[in-house]
């Protein structure tokens, strides 16, 4: 298969490709099978850890600088199998392989993925979710701030996307390219963006990072809400600590194997 | 079986019959077996997602405009099987088939179903539950308001039924036709009604909608309580957004299959 | 076995013996095997529903007016089997059968059971637990009040036992007869008593009632705390409603079978 | 194997060696196999009870006064097997056995263990975790206080470690001996120490005590936060009660067997 081999112009920096564990350690570019397996695993992990429910999705870019990404057809994350994974381009259109188009139903909000990959070459994986703990921080003016080391990336800033500014009264869904572009603009160079009255989008330089950030962003929200409810000044991680934490090349590696096993056990649910 | 074939006068509008997924897609009127299967599945889903515990029930109207509905005999939702499903008329009396009456114990609060179906021809399915997260909104004067897209229907208004106004001091149960009528009156044309000191009733134009609204009504309550506890102004979905959302003919379709699978796995509990 | 056949003087009223479902429906006095089975089931239900953890216990009086009760040897509730059930008298001493005493380790707090059975002939079953949601109501001056129909018995009043008044500085355990008597005195004729800095004791005229009240007392605590946190006046069930509810002879019957099944599935944990 | 037989100078008091239940009852020094089994079991219990997630660790000193401890190689607690257990000395370096060093990856924060064992000869087991309920008490000035008997040890005082005082801006990890020493100093003679923006360390005179204290420290945090949120004065256990409770030689024994069984059932996750 040649799909996914198209490469965007390089922008003068190295990618942390690192999608699967093996690849992460070897530095090799992962095989297509391995990438598809990662899409399936990421879906199952996010469902098992209750970051997504029947809705939400996760994608992986096909390679450093590539203008394609892998994502399931429109399906609940817990139900995704390798056969459900499709390849879309940056316009979020399904890729024609050997003259045959893929007619399966795609996620209505696929533009979240395509438009972010277009402007963030460092991003190799994207999660979209509606985790309940995140919603309050999108509908109040209280910013998410980093409560502990595992969610230190929150300290880089988590902006809030107000879809009304881009699209007026909508059905809240990012179902048009221009809404995806507006979302990507609000995201900027940050690790995640909350969506007012909707959910969040989390990005990573690997699927491990995107998934782990999703897990710990949600946990940060719960802990921060609890700490704030206690009615005293809260001490968040400071800038220096956030910076030091960001220098760890692989802060979440150990989690992936565990979550994969948990998802496999719970996968038959 | 001819039961359930009696048809109320049509009222000049089309029904969204759509009870099972197959039917939903084909537009065909579902078979009786398929409707009974949906009653069983809906019971198991609501139990698996902890919207109901040992108590609560769910019914399905036998067809568009029909004056009959299917509901389990008095039983905990997780335990319902096809053999437990009974057919009641709008007076919530069991239907006599081939001269034989159904003597099994019925839910004491079956009038919730009969009286709502009587005045809401658009309603094809009804859920009654006591989900803990909903109770606080029935015993304070704080209205439920829509925190995110999946619960946008909350923006249509969720009234609160005060049983004392209809029946004085009672044992809180809607166990008489007149209490059912009073409840139906408070519900009006809304998607759900809270019951002070008791629980909630949620309706839908299909069983998928009634179940999904139950799930997301409960989630809305949890998220709204959390957002309010954070002590700042909360931005709810506005009227235009609620309206746009209401135009989606099938916002929850993807969830049904997943929940059905989850319920099957957890069904042996 | 003759144990448990000793009968206290009758006090001029009928007992609701009703321990097992079969017995409940037939009105027959349950067999000893059936009572032991109920002790085991009640232990497993309370563990499965997380009312007890490694600690806590449940007992059943051997019959109306009897001066004996059945309770597990000192063991975590989830691990109790029929072989672990012992018979104690109202002094909470193990009963000598055929000249042989039962030397197995008993719960240090068994006096909770003996001393309550002594002064509450209507009580046929007792639960002791440390459910986290109940603790805050024992360590503040906020009384538990009934938020919904399933916990209407809360409206009869849930007193708080301050062990310091009876025993000064203790290790908090009701491990002496006099502490059990003081606890029973605080309980009075109520359905349950909170223990400051410790937990709760819940009683019932049947094991079903004692277990169901434990479940819904805990749920009431969670819902009430949430309702109070919302910062507005809360409308609790009023006296008339509480009274009407108390006239239902079997409000929780449907739950027992479900919980038993849930406990069986989770019993292997 | 001779490893672990090196014995620190005795300091004039007896140890409560008691690592496994058998040993606890017999008073015998446990075998190495039994200690390794305890390390594995403790890891699985902490994961099953959600005190640790993919991160966190637990160690056991090899014997009273020993300058060695057993701990897993760097791995998620739920995944630890006997083959993963390593032996480290008080400098947290792996022990050379028969001339062969153990080259497996060790936890970066192993110094937590070595430096505490060095200055606390009474400590036989140490848990490090990031339980979300504990974080708010480390990032506000609200001290943990004992809400009930099972967490009475909280009344001995739970200090908070501010890593900035010892190391300035760090990545929050105790990954150097001097940070471990600073942490041990803050811990002092207390049962646990919170780590600002990170988690907690809990110690015990046996692995049962360290694990049970971890479980009930977390529960205390949840209950205390709830009680405080109710806006009234909270009555905590007083000094006399804390002292009386501390005289119980084996307050948590019954829990270990249950948790071990729970962990075994959930271990395949």
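A, B, C and D label the chains in the order they appear, each numbered from 1.
Assume a residue touches a chain if its C-beta (ideal position, glycine included) is under 8 Å from a C-beta of that chain, and two chains touch if they have at least 3 such contacts.
A quick note: this is a predicted structure, and the numbers were derived from the prediction, not measured.
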Count the residue numbers both chain A and chain B use at their shared interface, divide by all numbers used there, and answer same if that is over half, different if under half. different
Rounded Å distance between chain A and chain C, as computed from the means of their C-alpha atoms: 49
Whole-Å distance, chain A centre to chain D centre, using C-alpha means? 35
Chain C residues touching 2+ other chains are 229
Determine the shape of the graph in which chains are vertices and touching pairs are edges (line, ring, star, complete, other). ring
For the complex, give me every residue of chain D touching chain A. 53-55, 74-76, 78-79, 130, 132-133, 135-136, 139-142, 164, 168-173, 196-199, 225, 228-229, 268-269
The chain C residues in contact with chain B across the complex are 146-150, 152, 219, 222-223, 226-227, 229-230, 232-238, 240-241, 243-245, 247-248, 252, 254-255, 257-259, 261-262, 265-266
